[in-house]
Every structure is written in C-alpha cells, then in structure tokens.
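Scrolling down, you'll hit the structures one after another.
In the two complexes below, chain A is the common chain; its partner is chain B in one and chain C in the other.
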Partner chain A sequence: MRRAATYLGVLVVAAYCLAPLAWQLVTSVRTPAELTTLPPLLPTRITIEHYAAVFTGHPFPRMLLNSFVVAGGATAIALAFGAAAAFALTKMRARGFGAILALVLATSMFPPISIVSPLYLLINALGLRDTLAALILTYAGFTLPLAIWVLTSFLRELPDELYSAARVDGCTPRQALVRVILPLAAPGLVATGLLVFIFAWNEFLFALTFTATERSRTVPVGIALFPGLHEVPWGEIAAASLLVTVPVFVLVLRFQRRIVEGLTAGAVKG
Partner chain B sequence: MRRVLERLGERPAAFLAPAAIVLGVVTFFPIVYVLWLSLARYSLLGDEPSFVGLDNFVRLASDARFWNALGNTLYFTLVSVVLEIAIGLAFALLLARPFVGRAAMRAVVLLPWAIPTVVAARMWEWMYNGDFGVINYLLGTGINWLGDPVWAMHAAIAMDVWKETPFVALLLLAGRLSISPDLYQAARLDGAGPWRAFRHITWPLLRPLLLIVLIFRTIGAFRVFDAIYVLTGGGPANTTETLSIYAYKVLFQALELGYGSAIAVAVFVLVATITAAYVRLLKEAAR
Partner chain C sequence: MAAIEFDGVSKRFGQVTVLEDLRLTIEEGEFFTFVGPSGCGKSTTLSLIAGLERPTSGRIRFDGEPVDHLAPRDRDVAMVFQSYALYPHMSVAENIGFPLKLRGAAPREIDDAVAEVARRLGIETLLARRPRELSGGQRQRVALGRALVRRPRVFLLDEPLSNLDARLRLEMRAELKRLHGEYGITTVYVTHDQEEAMALSDRVAVLNAGRVEQCGPPLELYHAPANTFVAGFVGSPPMNFLDARLVPDLELPRDVALDEVIVGVRPTDVRVTEASDDPRALDARVLLAEPTGDDVWVVGLLEGERIVGRALPSAVPVPGGIARFAFARERLHLFDRASGRRIA
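Then we have the complex of A and B:
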C-alpha cells in the first residue's frame, strides 16, 4: 500500500517535470493548421516542417554555434583559473584563505542587473561589443566564484601529503598541480565544468545587452527575440527550444549524479 | 631574469592572479563604476556624463514606478519562494523513500532546472495562450492569462515555481539522504510515527540546509529577469514589472545610464541586505 503510494507520488513528480516539455514536443510536430485548433490534443498528422524551417533561412544554426563557443570558452577559462586559485588556497596555503573565500562568495551574490551598465560601457570601450569574446569573459567572471568554491571543497578532500610528496620528488608547484592534483580532482572538475557550461548556455541578460547581430547572438537571445512578421511562429519556436534543450538533456542524463554533487558542494559548504 | 620570473610564477599569488584579474574586471570594477554612474546624469543619447550628487536617488524616492516594481518584486519573491520550498520539500521527502529508478528520477527532476529560462518561458507562454493554449483547453476556461492584470503575475510565478522547484528538491533530497537511517530505525523502535520522526529528526537536521536553499532562492527570485521579459515584458500596465525589468528598460530602452544605474544600485543594496539578514539567521541557527 505504502509502496504503491510512493510510486504514485513519483509518477506525479515525473509528470510535473515533464508535462510542459512533452507539450512542447507535441507542438513542434503539429501541422500549421492544427496549431490553432484544440482539440485534438494529439496531432492527427506529424510534420517536421518546423524543424526544417529552423535550419533553413534562419540564423539558428549560427546561434547554436555561438552558444557552443561561448559556453565552451567560459567553461575552459573558469576551470583553468578556478583550479589554479583553489589549488593555491587549499594546498599552497595562500595567506588570507578565509578572507579570500568570503570575498569570492560575496561576488557570487551580485545581481547581474546591478553591473550590466558598467560592463556594457567597459565592453564598448574595449571595442568588444557584439563579439563572442565579451560574453566569454563575462561568463567566466560570473562563474569563477562558483568554480573556485566548488573546486576548493573538492581539493580539500585530497590529502595534503600528495602535494608534499610531489614536491619532495622534485615537482614545481605547477607540475604538482597538473600531474598529481588535477587528475585526482577529475570528478570535481567535471561537476564544476557542467555547472559553468549550463550557466553559460542558458544566460540571457548579458547576452541580450552585449550582442547586436547574429554574429554573436546566442540561442536564448534568438529564442526570446524570435522573429514573427505577422503572427508568432509557435511551431518553429517549439522546435528551436527543444533543439537547444538537447545538449542540456544529454548532459543531465549522462551526469545527473555529478551535477547534483556540484550543486551540493556549492551550497552546503557555502 | 628568466629564473626570477619562473620562481615568481610558482608562488601562490601567481596561481591566484588569473582568477583575481578576471574577477576584478568583471565584478569588482563594475560595482565601483556603477556607484559612480548612479551619481551622474548620463544619457547615451548624447551629452557627456555630469556629476549630480544624490539627485538620482531623490528622484528614485518619489518615482511611483520604482515603488510599484519593488512591490511586484517582493510579491513575486515571497510567493514563489514559499511555494518552491514547500513543493520542493514534499518532492525531496517522497524521492527519499525506497523505489526503483532513483537515478533516472534525478535526471528527470534536473531537467526543468537545467533548460534555459528563456526556453521554459516560451513553453509556458504558449501553454498560457488565450486562444490556443492547452491550459485554457484543459481547464475549460477562456482566460487571457498573460494579458490580465491579476493573472499575469501569478502566471509568471507558476512558471518560476515549475522551473526552480527541482533545485530545491534535489538539494533537500541530498540532505535528507545524508541523515543516518539508524536515527529513523531508533525512532521507530521507540514507537514514533512518521510525523514525529519528521518533526524530531528530519526537520531539525534539514533546517540549516533549508536556510541555505532559502538564501539561494530568495536572491534568485529577487533578481528575476528572463522569465518576465519573455512572458509579459512587465505588462500589462506594469503589473509584472520587477526591479530588474524596470532597470533594464531605463538603462537600455530610455538609455538613461545614470538613473538606471541608481536603480541597479538600489537592487544591489536590497540583495546585500537580504543576504546579510539570512546569514545572521544561519549563524544563529548554527549556534
């Protein structure tokens, strides 16, 4: 009885999470005529024309590429710089450990809207408006606190003797980091990288403000500003929004445990 | 020379420097700059910035639209965070029970959290559609959810709750699973029912984590932008206009960088105050 109730509850939770996505899937394969008729709830005929439309005569593929470059670049920078900083804080016993971490944590609370205007001016002054570099730099900066925080909590778990042994064997600190510590911290790097990637993949406010054309627009901006001359192209929006969800979907399925680990490390030790 | 550089490059400061430089450029410099901007009259339409002291803040104090946006933001934050915590806790306790397929369920629950907010908002916008929306169809109603001054805010809250509850649920689930099963075993032997076990074991042990989740969600909800931008743009008649949306409009539509920055500073101060209050609560709870 109790077990039946549990499974019923689990079903309810699954329906809660999946129903809007399922409806988007249904919408994306409806014929234009059936988009504006309910019932039937399920389409009588399945079409892929909305998916085709998104890929032809549409800047969507370019935006998809932009999103990959931006999210990948930001992840690489946040991981490299974050790992170096976390290493200095945990293994090299940098002075002011607590103060630095507190400062880092404080910056992660900054509301994006509060610094969007100075960043906009700065990016214009540097001639970086409407470039992918502007977004990569901004996202790396915004995710670094999280990266440092999560990686610090992972590196703390590694025994200090590993580092001192590597030093005794003649490694410089950098060699010790690259050859000994980082390979052992791989799960932490994966967890952190996933969180940074998802943040950068999804970010909207900065992307909206710092980009002006398809040259640098990312997918969230494209989807928010989806062009519709006379009527809103709901079928195409549905197709595009499912396509942009696919990478996230794959990451979540493959790495659900790591992502939750990263979230927990970020929150609990905070 | 090279050897000196090499030795410098192996000091802790050298490992901290890259992160410090990026953080300095992307967060610390802007927060100082925005303070200066908030004391200036600076329109992107032409004139050079000029220092005007606290004029922008005086204007802010008597700006009805600012107070309206603050009220909307507080209402949005309060209602959505309460619902997210309540539903998230219920989900976490349910998923902590033994059942087959927990890993798969974790992935399912992660999905709403992991998809772009803009995408989620577009999905809900279509479901809310007054003429062809599935919500009206299923409820048998004909409500213009996003165009009605009363419904629009609640429609935005419902979308935010859907998107953010998984974050709460997964963190609380991790916290719940880290409580030793022995405690529940002992409680059962002592004849305690599920309610008493929750009241005396789960709740007190989960409380610090609950507070942390509360901080994250309050700050997240307070700076809501993406969802409202896509769903309503702040309308109808500014009934869903939050502080972030209002600041964005002043900054990048009216191009008033000075006044917009003053609103941005106000948001910053409010978030800092909320955070400080929570941290105090957290410290008291830890004692």
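Then we have the complex of A and C:
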C-alpha cells in the first residue's frame, strides 16, 4: 500500500516535470497544418521536416559549437578557481574562513537583471562584446560562488592528515592539491562541473545582451531569434529545444552515479 | 639522521598556549618519546618538527642548523600518522613510492626501493592492493614503508599504535623497535600510553599542559619521578599518594614538616595480606580485588584515600573486610604537598 503510494507520488512528479517535454516532442514531429491544434494530442502523421529545417534554415551547428565552447570554458575556469579557493579555505587554513564564505555567497545574491547593464558596459570597454570570451568570463564568475561552496563542503570532509602526509612526503601545496586532494574530490568536481555546465548551457539573459551576431550566439539565444517577421515556427523551435537538451541529458546519464556521490558526500561516513 | 634541538620553543593558537618554552635536545639516532595526557602538546611538538606548524617563538635546529624557515618537504623528515593517512586512490606500491616519485627518482629506482622496504616489512604480496582492502595492521606497515623508503633524517610517529587491537599493538611495538635498530634513524615518538613509551624509548619526556615535567631514560622516570604528575603518570597501576601523617615511622629530611609532605608508593611495592606481622602495616577496608594472573591488585580505602596493593592469588582479602597494607620504607617517594616536587 505504502509502496503504491510512493510510486503514485513519483508518477505525479514525473508527469509534472516531463509534460512540457512531451508537448515539445509532439510539436516537433507534427506537420505544419496540425501545429496549433489544441489540446496537443498525438499527431496523425509524423514528420522530421522541422528537424531538417533547424539545420538548413539556421546556423544551428555553429550555435551548438558556441554553446559547447562557452559552457566548457566556464566549467573549466569555475572548477579550477573553485577547487583552488576551496583548497585554500579548508586545507591551508586561510584566515577568516567564515567571512570569506559569507562574502562569496553575498556576491551571488545580485539578480542578473540588476547587473546586466554595468556588465555590458564593462564587456564593451574591454572590447569583448560579441565574443565567446565575454560569456565564458561572465558565466565562470556567476557560478564560482556555487563551485566554491560545493567544493569547500566536499574538501572539508577529506581528512587533514592526508594533506599533512602529502606535505611531509614532499609535495608543494599545489602538488598536494593536484596529486592527492583533487583525485579524492573527483565526485565533488563532477557534480559541481555539471551544475556549472548546465547553468552556462541554458543561460539566456547575458547571452542575449552580450552577443550580436551568430559568431558568438549560443543556442538559447539562437532559438529565441527563430521567429521571423510574419510567423513563429513552433515546430522548429520545439525541435531545436529538444536537440539542445540531448547533450545535457547524456552528460547527466553518464555521470549520474558520481553526482549522487557528490551531492551526498559526507552525509554518511565512507 | 639528525639531532633535533628545541631552543625555547613556544606555540600558541590564538589565546591558547599549547607548548611553553620547550628546551631539550634529541640526540642523533635516539628513540625519543613524548608522552602525556591528551591535549598536553605532544602532537603539536611533532608538527613543529615536521614543519606543519611554525613555532610562535623560539627555534628548532637539526644538527645545529635552524630549520624554521624550511617547508616540510625541505626538512627530509618522514611521519606516520595516527590514521595512517594512506592515499586511498593509490595502490600500496604507489603509496610507498610516492615520496621518491616527488623527488624525481627514476621508475626503476622507485621499484627497487619499494620492493626492498616491502620485503623488510613483510608486505611484498600486498603491493598491488588499495589501502581499503587492507587490515589495520597491514595499513600500519604500509604507512611505515612510505616513511622509511627514502631513509629520512628524522622519523616521526604520532600515536601509530592507537588504532590497533591489543595483541597487534604488542607485535608492532616489537617491530618498531627492530626497525629502529635496523635503520638507526633518529625517531620521535608520541603516545599517551606510558607503557609504550617505557618499552620503546631511549629517553622519554613527560609533557603536561605544554610543559616538560621530566625528561630522562624510562627507568629514571620510574625510579625517581621529579614530581607527583610524573609519578602518577608513569607506571601501572599508578602510584598511590598518601597523606604523610597516615604513615608511621616516616623519616623526613630536616626542615620538612610532616603536614607538608605527600608520600608516594607504587602498588607493586605494597604487599596486601589479611594478617601481617609488620607492625607498621596500615589497615584499610578492601573495596575490590582485580586478578591479573600472577598478581591480584587490591584496592583499599584508607581514611578516605584509595590505596592499591598486591596480594598473592592464594590469599586474596575479601572485599568489605579489613586488610593490612605493608610497604618498605626505602620504597617510598616523598613529594612537597604544595608544589608536587620530589623531596626524596
């Protein structure tokens, strides 16, 4: 009985989360004539013309590449700086541990919309407008507090004696980080990296503001610019939206076990 | 190998003084032990030698050379930690070879050194395993191997036996003594277990609240404890302390009043019988008797103070009754009541 209730609950939540996705899927394979019928029931005929149009009518591969470079770059930077900061905070006993963490958290309190204008001026002044670098730096900066917090709580669980042992054995602090601490923090790195990657992959506001041409446009912005003067190509939008979720989907599946390990680390003693 | 000199070393963490004006020299090749209750500053002392902590004031010298500015990696010390601190993501061979790898040794050289040290420690067959697949005793040996592989100048051991069961602890204790004899490296050992300290060391320093209470060879600490703290800490069961006024026929040095004195006597020196013909024996009510095999330790209550003595298994006084506690006057230790210092 209780088990049935559990499954029912899971079912409700899953349906709630997946319904929009299902709608998108249905929309993306409908013929243009059936597109706007409501409710969005199953199509009578399946077509792949919208998928084809995504690749022929728009610079979709270029946008995908941009998105990969931006999300990958932001992830690499956030992880590198986040791990170094977390290491300094937890293992090198930086002074003002609590104050620094609070300050780090405080910086992430600003809603993006409130700082998009000053950031735009800054990016412009640096000559980075309409470059991938502008987005990489912005995303890395925005996700760094998250990276520092997650990795700090993760590294804090690693015994201090391991770091002491590494130093006595002959490591510089950097060698201790790279050879001893990071390999042990791999689940935390994977979990953090995925969160950063997904944020950067989906981000819209900054991407819309800082980019001007398809040279640097990422997928979310690109899709938003699909609508033409006279019509909104719902089918193509649906097809493209589904396509951009695939990489994230694959990443999460691939690292699922690691993410759970990472998010629950320290909850139970290994 | 190196002699280690502490020249007025103090260590404070914020307001807390962990080590106060430590002055002593550990000789080259010596097995030296810091012993004391938890929080006495003994582990901090090891961290200071290793360079994991810096002294707040004072200097540490290896062979006369100040080392305070050197990072741990430049001091050529090796350390075995209480938790062993093996690297979980490396095999046993990689763990042991890690210090050599960091020093840029050639792979062949590392393999040979690891094999050699593994042979000496009897862990040749474990080299491919991960630390989590090992028992406590095996992990201990791997930690020792990692420390010994590069033949350091100084070998530091922080409570290395405390995570082992009693039987294994005795075995590893003998092993440590053997390794020290074999390698001859200056060894600094930290423990809260006075028995370990006595069994292993050339010299022992008893630490209490950041200060050295006494430093000397184990037997000197045992036979001539400098104060009541050392007297009570060294030896098992711990020494009895009695009000001097309870002990008849006490010979005191001149100028010392009876009420200024505490008398110490070790339980091994107290003979407990139900009827003794020693007229100076003390009568005490028996609280309990603990057989240990050859001996039975008898705990008695004398004028509100505990006194422990030894009885023969064949003549154990009954708890609740009165027994006679007798001891020879030349086995007594006298301490000043106010300062705790040894008088005679």
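Heads up, the rule we're going with is that the second predicted complex is superposed on the first by the 238 of 270 C-alpha atoms of A that agree within 3 Å, B and C clash if a C-alpha of one lies under 4 Å from a C-alpha of the other, contacts with A are read in each partner's own complex, and residues count from 1 in each chain.
Convention: contacts are C-beta pairs under 8 Å (C-beta built on N, C-alpha and C of every residue); 3 or more make two chains touch, one makes a residue touch a chain.
Everything numeric in this text was worked out from a predicted model, so none of it was measured.
S.K.: Touching A:14, do we find chain B (first), chain C (second), both, or neither?
M.R.: First partner only, chain B.
S.K.: Touch test for A:164: chain B only (first), chain C only (second), both, or neither?
M.R.: Only chain C; A:164 stays clear of chain B.
S.K.: So which one touches more of the residues on chain A, chain B or chain C?
M.R.: B
S.K.: Answer with first, second, both or neither: which of chain B and chain C does A:59 touch in the superposed model?
M.R.: A:59 sits against neither chain B nor chain C.
S.K.: Classify the contacts of A:121 with the two partner chains as first (chain B alone), second (chain C alone), both, or neither.
M.R.: Touch status of A:121: first partner only.
S.K.: Just chain B (first), just chain C (second), both, or neither: which does A:172 touch?
M.R.: After superposition on chain A, A:172 lies in contact with both partners, chain B and chain C.
S.K.: For A:180, is the partner it touches chain B (first), chain C (second), both, or none of the two (neither)?
M.R.: second
S.K.: Under the contact rule defined above, give the chain A residues that sit at the interface with chain B and also at the interface with chain C.
M.R.: Shared contact residues on chain A: 172.
S.K.: Using the touch definition up top, name the residues of chain B that touch chain A in the complex.
M.R.: Going through chain B, the ones touching chain A are 9-10, 12-13, 15-16, 18-20, 22-23, 25-31, 33-34, 37, 91, 94-95, 97-99, 101, 103, 105-112, 114-124, 126-127, 129, 131-132, 134, 137, 162, 166-167, 169-171, 174-175, 209, 212-213, 216, 219, 222-223, 225-226, 229-230, 243-244, 247-248, 251-252, 257, 260-261, 264-265, 267-268, 271-272, 275.
S.K.: Taking the complex as given, what residues does chain A use to touch chain C?
M.R.: Touch residues, chain A against chain C: 159, 161-162, 164-172, 175, 180, 183-184.
S.K.: Show which residues of chain A lie in contact with chain B when the two form their complex.
M.R.: My answer: residues 3, 6-7, 9-10, 13-14, 16-18, 20-21, 23-24, 27, 35-39, 41, 77, 80-82, 84-85, 87-89, 92-95, 100, 104, 107, 109-122, 137-138, 140-142, 144-145, 148, 172-174, 177, 198, 201-202, 204-205, 208-209, 219-221, 223-224, 226, 234, 237-238, 241, 244-245, 248-249, 251-253, 256-257, 259-260, 263-264, 267-268, 270.
S.K.: Would you pull the chain C residues touching chain A in the complex into a rising list?
M.R.: Touch list, chain C to chain A: 47, 50-52, 71-73, 77-79, 81-83, 85, 87-89, 98-99, 102-103, 146, 156.
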